[in-house]
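Structure in structure tokens, see below.
For reference, chains read A, B, C, D and E in written order, and residue numbers begin at 1 within each chain.
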Amino acid sequence: MIIHQILFIVFGVICVAGAVNLLVQRHPINSALSLVVVMASLALIYLLLGAEFVAAIQVIVYAGAIMVLFVFVIMLLNAGAEERTRGSHFALFAGVPGVVVLAGTVAWLLVHNSTKLGGASTGSSQNIAFGDTHHIAQLLFQDFLLPFEVTSVLILIAIMGAVVLGRREG
Amino acid sequence: MIPLSWYLILSAVLFSLGVFGFLLKRNIITIFMSIELMLNAVNLSFVAFANYWNSNPGKLPSGAAIVPLSGHVFVFFVMVVAAAEAAVGLAIIISVFRTRETLNVDQVNLLKL
Amino acid sequence: MNSSILTIVTFLPAVGALVLMLMPRNDRALRWGALITSLLTFAFSLHIVRFFDYSQHGFQPQFDINVPWIGQTIHYHLGVDGISMWLVLLTTLLVPLSVLVSWKSIHDRVKEFFVLLLLLEMAMIGVFLSLDMFLFYVFWEATLIPMALLIGMYGHERRIYAAVKFFLYTMVASVFMLAAIIWLYVHTPGPQHSFEFEAFRALIATNGAISPMALQWLFLGFFIAFAVKVPLFPLHTWLPDAHVEAPTAGSVLLAGVLLKMGTYGLLRFNVGMFPAQSATNAVWINTLAVIGIIYGALVALVQPNLKKLIAYSSVSHLGFVVLGIFTFTQAGTDGAVYQMLNHGISTGALFMLAGMIYERKHTYDFKEYGGLATPMPVYATFFLLAVLSSVGLPLLNGFVGEFLVLSGTFQSTASHAMLFSILGTSGVIWGACYLLWMYQKVFYGQIHHAENRTLGDIDRRERISLVPLVALALIMGVASPYWMKSIDPAVGGTVPKAAAQQKACPDQCTNAVVVPAREIISAAAPGGK
Amino acid sequence: MNQNLNLWVIPLLPLIGAAINGLFGRRFKNAVVSTVALLFTAASFTWALRAVWMAWPGSGIPLPYIEDHGAWIWTSGFSAHFGFYLDQLSMIMVLVVTGVGFLIHIYSVGYMAHEGGYYRFFAYLNLFMFFMLTLVLANNYLLMFVGWEGVGLASYLLIGFYFLKDSAANAGKKAFIVNRIGDFGFLIGMFLIIKQFGTLNYDSVFGQIANGHYTPEIGWGVFTITGLCLLFGATGKSAQVPLYVWLPDAMEGPTPVSALIHAATMVTAGVYMLARSHSIFNLAPNALIVVAVIGCVTAIFAATMGLAQTDIKRVLAYSTVSQLGYMVLACGVAAYAAGIFHLMTHAFFKALLFLGAGSVIHAIGGEQDMRRMGGLRKKIPVTFWVMTIATFAIAGFPPLAGFFSKDEILGATFTSPHGGHLLWAVGLFTAGLTSFYMFRLWFMTFFGEYKPDADLGDAHLAQPAHAAAHAASHADNHGHDDHSHGHGGVHESPWVMLLPLVILAVQSFTGGWVGIPKFMGGHNQISAFLSPVLESPGNVGAERLAAGENGTLPAKEEEHAREEWVLAATSVVAASLGLFFAWLLYYKKRDLPDRITVKMHGIYAMVLHKYYVDEGYGAIFVKPLLALSTVVFWRGVDQGIIDGLVNGAGSTSKGIGNELRRMQSGNIRSYAAWVAVGGAAVIAFMIWLGVSK
Amino acid sequence: MHPIQTVDYIRILPELVLTAFGIIVMMADPLLKPGASRKGLGLISLVGTIAAIAATFCQIAWMHRDPSFSSPGWFGMVRVDNFAIFFHLLIPAISAICILASLEYLDAQNIRSGEYYALILFGTVGMVLMSSAIELVLIFIALEISSISTYVLAGYRRRNAGSSESSIKYFLLGSFATAFFLYGVALMFGATGSTNIPDIQAVLGAGNFSLLAIAATALMIVGLGFKVASAPFHIWTPDVYEGAPAPIVALMSTGPKAAAFAVLLRVLFATSPTKWFWLIWISAALSMTLGNLGALVQNNVKRMLAYSSIAHAGYMLVAFAAGDQAGKSAAIFYTAAYAAMNVGAFAVVSHFAANGERYVSLDDYAGLGRRSPLLALTLTIFMLSLIGIPGTVGFLGKYFVFTASLSATAHSTAMVWLTVIGLINSAVASYYYLRIIVVMYMREPVMAEAPASATAPMRLALVLAAIATIYLGVVPGRVWSSSHLGAQDLGPKENPGKVVYQIAQPPVPATPAK
């Protein structure tokens, strides 16, 4: 299935490029757009992995809703390009190597275990579209009913929190 | 056949880039975006593992079958939470901006030592 | 009554403190309240002496009360033996006197003062009565706070430094004891572990139950906590500061009781639980004790400050106690216990006296004194008696203890005991030096400061507070068997090995032609037949 | 048979007196105070007489008589009781103490009449009596030690009676501390006895020695060490070298005190103790030698110091030290009975001398410097005569008391096997010196002209530096016994003071007759009386004792008698020489002493300054010790090292805390970096652990 | 399809009750006048927390009747065992006291907004749920609920720059850490195929402890370590605590922390203690040391208490490191102990801080013993407890922890050392707690006027906290035995439903005196 590999590589590269661009761009709006790129390509990778439902809400919720919110706030606050202040040497000189170590360790671990983990099957074997809405819904409204319901509380406080913080001093 | 580790490494790379973003970006909103990036990376891992368990069905010691889809469900919840966090987080950012008139984290350091 | 008397004695002060806390801020009523509470406690503690069974030998706690407290393993276990009984009595005696000496000197935050004082009393009594190590530690630490607050709230210029130093010194040291206690606890045979003193003792006595190395560390864990409290050289530097800054009542109780907690701990727990480790460590401990005796005295000799001098004298005196304990002879240990009481009385009296002069002069500096015997003859007399008691003049209490300690040490088979005894005996010289020097500085010579000419002599309240101590100094100097009859058998439980080694003492009156007082002897000295 | 002597009454009576006066005396009139004090002392004396009478050898009460009043210190390992012990030795002591004590009480009534703190004085004096009687009557060493320390206390209080004067306060303190140094030895000695015998009771200690088949130690055994320790104790109390320094200073006390405590009774306690412990010493020949040497050295040393003193009481003080040296010497040559005999006679004449001196001082208004006296013979005749008797007695002229006792000691010394002749020679020379300085005192005080306003400049001294010191020391001494009398009228003392003088004079005269040796035709009753108690060791004095007592060796007795006549004669000659030189220098050619001192100012200054012993002690022990304590211990170890470490630990923690808080930069990115670094570390560490397993 | 049974609703009864009250408060808020005091709402929410406690007792009763109550419910999502019950009681109680303290605080700060209470209630829902959730999804959501509500509450003093800074710091770093946690969950899912804790435990227990699982554990430790403020993830704590409103600090330093510890206990003991022993050991030692040394030099009381909270997390981790039954019990007990004293301490701070949180510096406390003896007394009690003076719960907490660590059979030498480090630390710590006492009692007041006297609810809060501190310090038997029972429901030897929670203290055989 070479096409899958090619697709993965293409979207993977776009993904990483978007992420790097997020870091490189100085204006938040550019960063936000880069993030949208990352998310979109991730949605495609999800599709490669057979996660249709996830791919769909990735686009709808993330790229659609959340990123709009970001852009909205950026506009609202009229955020300009960030100035390169030197607030933290520690982040640069200890944090960056730290992350490199972190990433290196995880990468080594994954490569090391890659044989054991085997390959991701995409549409090859038994249940191609195992991540479709039907199955998800069954899970979500039975096994994961409680979390789902509890999410309502989460959203409630998110709304309330946003209202409380966002409204003018009364 | 794409090795699972490819996905995972992609996920790890994205996660690390997210962390770098947090460490290196000055704009609070961008930093928040970096966090979103990290969450996305995590989601990728979930989906990849779900795929893995789907293709390598197994049983738990309790006798029940492994449900690969719970990875997807997890991603769903992560997104919900991310959305909620985004709402609150951006509200907090607005609140900070109101008091400090800046979005530069390096200048949000009243509390220290 | 017999099973609850210890509980009553321990917690009556706390109840009093609670009542005081709820009372309105009427200073007079508060003072009386504290006085009555402490006197009641004293009266109840007399019950112990009255109904104590003097025929028991070894470590046999009486008036036992033992009920589970926290879970199955931590017990509320109080008991009294011949040693702790007198220390409790000393405590209950000194507290009312402390209330009396604070009558006028404390006029600010009176309520807090007496509440703290009574809480302190509860904790101190608890320390001496606890037979459950957990409970012991609880009371042990509980003494810390009221004392630190008394110093810090009612002390003099450098009070905060002194209070904090006192607190940290003791706190740091006692956590090691806590570690040792817990370690022992978890190694008591399960499944139901125990904090019982006896259980610890049995555990340690069990061959091979604990490695020698661990035993050594445990010993040190206990030792350091007690050594700081004693205080043993070189852990003594908190003491002068604490004393100088403390209010009179604080000093009295600090010197009179709190230091005894250290020596009591050494005797009961270090020697009582770790006989073998005590023996192997005795050499350096005794060395420190002897250094303490001489060093404390020498430093006392050059102090320009009355209270500091008395404080260093405590270092010296407590050195005798430690020496007596760690040479493991019956006489020496008897003497050490006796010396604990003596020191409480004589140094307590000295601190009370120092406080009285402070109330008049607001300084402890010798330079401000001189010639006070003329305006204050009664005061001078009391002071002289206290000094003599402290010097160890025969027929006063100090001598009995010192002599027994030193002669016991001399007879001891512990290594270098004879040398320690000789060096320790030199303490009688030093003691005379610094105390007489002090007495002269304060009372003799011409009056150099005009205002000293008109100093009032001590009034009735002050006399009442001093008389018991001075009287006790005399009585304990001539009638020591009354105390020994309970101390000696109890000590016999702690140093049984040493007691066995002791040569059987030939009868004292074989050649006596007339023994008019045979009955008195046998009455005074149980087991002395 | 089973008569109860109730010895406890003897010490208790003065104690009651002391208590009454001490507690309530402030509100009493002087008359009441003195009545109480005298009453209880007299009662005590009476009771002592009764006890002695009842227990007199042959009266049916076996000696030693012991009574026990229960435990004082009791432990299952060791105990000491309140017990009293009466034998021949304590009979003599108790009579001397109560008798002389009573007389001095009477004297004090007059002498102290105008002093402040009258009640205090008598309370102390009674207290002293209590302790002294406890000392001599105790039936064990520990109770003896009670008295021993107690008399030290009384001495401290009485020396410091004029506590407003720094010199008096200092002297009291010095006395107590120096005594304590001696007590140190006594204590160690007691520890050794306990170690050896398990008890401190006389009867069982001596009983064990008697039944223990001990042989005298060769070398340095436990008895020798014990003996030396006890000796050290005795040197403190009895003012022997090297601890004699307190006694001259003790003259700061009122004169009756000097008479009672620092001449007649307390200072002899050491001798008593040595005699009491003779069983131990008899087993320790080496210790005896040391005792003898100490005694001898003290005798000559103090006598030389006495030569140059100008303070009348100080002369007497050195003389006391010197005489105590004799007594110790006697003990050292195992002539314990002789020592006790001298103790007794010395108590009489030295008390008399002091009281007489007191009378003189009293008469001329508190002046103590002999150079301001002179010609008092006519003005205070009674005093003059009693002093004359005392002076001749101490100088050793027969048939006065001092002659017999001193002769006995010198005789015993001569026959002692341990370097006896040398010791004897020194003793003899000392006797001459004693005679000299005593007559010097006598002449300076009572003969010549009365010169109350004599200029005390540096007439004696060529070197101004010494003069300054001299003057300073005199300034201190001025105004002793600050009487309210004026300077002018010299008057005889009142009868209450003279009465004891007269009685003591009689005793000084006749007191020695109980010890007239055999060779003079006497019976030496005192020696016979004491012999059951004070046996000498077999190898030291048995021969002499045998000769003196039973006459079992008639051949030798003859030879001895001749020898002893010679010895007695020599000592009389020595005394006479002393008298002659004193007459020459201080009566006939009064300018001669000044000339001599100018010529020999080095030696003179040295003697005058008591060989700089006090200064030496100060420089060698006291000052370095104080400096050590202050600089090294207190400032150095305590505040520097220990507190430095403690506070250092505190500030180090704070320092670390201050460094650590820099972690808290306030920057979110830094914080995130911490989390990231921490996370990296955690993962790397756990993976490493997982892999390495 | 299994129908959802009544018992399942009982299993989430406290959450339901709290949510209901939260909604009531939220709905009632707009009905009140904008500038009016929201005290009524506070009282309603107080009732809500009490109702939650009552609901928990209902659960206990149910458990008594039906042992299967403790088996997982809601399709394996929650398990209300003794462990959960412990926190179901503890957390609403904490919230209740914080609400009591807030009633006065909000008035003093002129904050007139009822959402405050609603947020507390909803946050409590999350915390309560965290303790009973056994599915990582649910744990994650519950964690987010409690976190988000505290993010918002931390920024509630909106006029204050410090408050919003605290909020943003907490929010950004919290989300950052959550991402780590999630990553760990993802890896764990990959390693075991499940996100259900009992399943994970079963898989790992069966010997399939792959490196992936180790990495997953490590990442979850990072995330949860952040929530409990253990070193080296403690770094946010002082800043956030300093800026947040004092009653909220009282809440967030105890409630979410206790809940996070509950999760940590669930998660860590689902894996094998040998894997993370050294990690926790180091973290414990570091937390104690860094926390205490940092606190030594603080002058701001809130900040000092923040550092102290780091140190206390360290003590709790010591109990974790012990790893056995005793250790788990000790950790559980310690959460309650710490809650009692710390809520009290912050309640005093919040009362004393006055309008605008002006008085939070140590110097402001000078002479408090004179100006306001009762307030000083209560603060003293809490400080003594934090020091670990016997007679207070702080001492017993430490005692249980160190007993556990010394009795640990695995790594016993290392545990002895950890104990020694801990004990020395607690001695060092006594310095800065003592400093507050010293300042209150031994310095002369700088400000003449007494602080405003506490309102009745604040008094009630203080009294309750003080009573809890002392009561638990003197007779902890009941709480200790329930924490012990709770510990039995954790870890490999798990046997749900077997041990029934007991309300009464287990009967003690009367030990004869001798």
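Rule of thumb we're sticking to: a residue touches a chain if its C-beta (ideal position, glycine included) is under 8 Å from a C-beta of that chain, and two chains touch if they have at least 3 such contacts.
Note that the coordinates shown come from a computational prediction; the quantities given were computed from them, not determined experimentally.
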{"item": "Any chain in contact with chain C as well as chain D", "value": "E"}
{"item": "Intersection of contact partners for chain B and chain D", "value": "A, E"}
{"item": "Comparison of B-E and D-E by number of C-beta pairs in contact, larger one", "value": "B-E"}
{"item": "Most remote chain, CA-based centroid, reference being chain E", "value": "D"}
{"item": "Middle chain, criterion being Cα centroid separation", "value": "C"}
{"item": "Chain separated most widely from chain A, comparing mean CA positions", "value": "D"}
{"item": "Where chain C and chain E are represented by their mean Cα positions, the distance between them in whole Å", "value": "43"}
{"item": "Distance between chain centroids, defined by C-alpha means - chain A, chain B (Å)", "value": "6"}
{"item": "Centre-of-Cα separation between chain C and chain B, whole angstrom", "value": "66"}
{"item": "Approximate Å spacing (C-alpha centroids) for the pair chain A, chain E", "value": "31"}
{"item": "Touching two or more other chains - residues of chain E", "value": "137, 141, 144, 148, 151-152, 155, 158-159, 167-169, 172, 176, 190, 211, 215, 238-239, 428, 431"}
{"item": "Interface hub residues of chain C, defined as touching at least two other chains", "value": "168"}
{"item": "For chain B, residues contacting two or more additional chains", "value": "8, 15, 18-19, 22-24, 31-32, 48, 50, 52, 67-68, 70, 73, 77, 81, 84-85, 88, 91-93, 95, 105-106, 108-112"}
{"item": "Every chain pair in contact, whichever chains are involved", "value": "A-B, A-D, A-E, B-D, B-E, C-D, C-E, D-E"}
{"item": "In the complex with chain A, residue positions of chain B that touch it", "value": "1-10, 12-21, 23-27, 29-30, 32-34, 36-37, 40, 43-44, 47-48, 50-52, 54-56, 67-70, 72-73, 75-77, 79-88, 90-95, 97, 103-107, 109"}
{"item": "Footprint of chain E on chain B - complex, ascending", "value": "8, 11, 15, 18-19, 22, 28, 31-32, 35, 38-39, 41-42, 45-46, 48-50, 52-53, 58, 60-62, 64, 66-68, 70-71, 73-74, 77-78, 81, 84-85, 88-89, 91-93, 95-96, 98-100, 108-112"}
{"item": "Residues on chain C engaged by chain E in the complex (per definition of touch)", "value": "3, 64-72, 75, 109, 112, 134, 137-142, 144-145, 148-149, 152-153, 159-160, 163-164, 167-168, 171-172, 175-176, 178-179, 182-183, 185-186"}
{"item": "Touch list for chain A against partner chain D, complex", "value": "87-88, 90-91, 94-96, 98-99, 101-102, 105-106, 109"}
{"item": "Chain D - residues contacting chain A, complex", "value": "665, 667, 669-670, 672-674, 676-677, 679-681, 683-684, 687"}
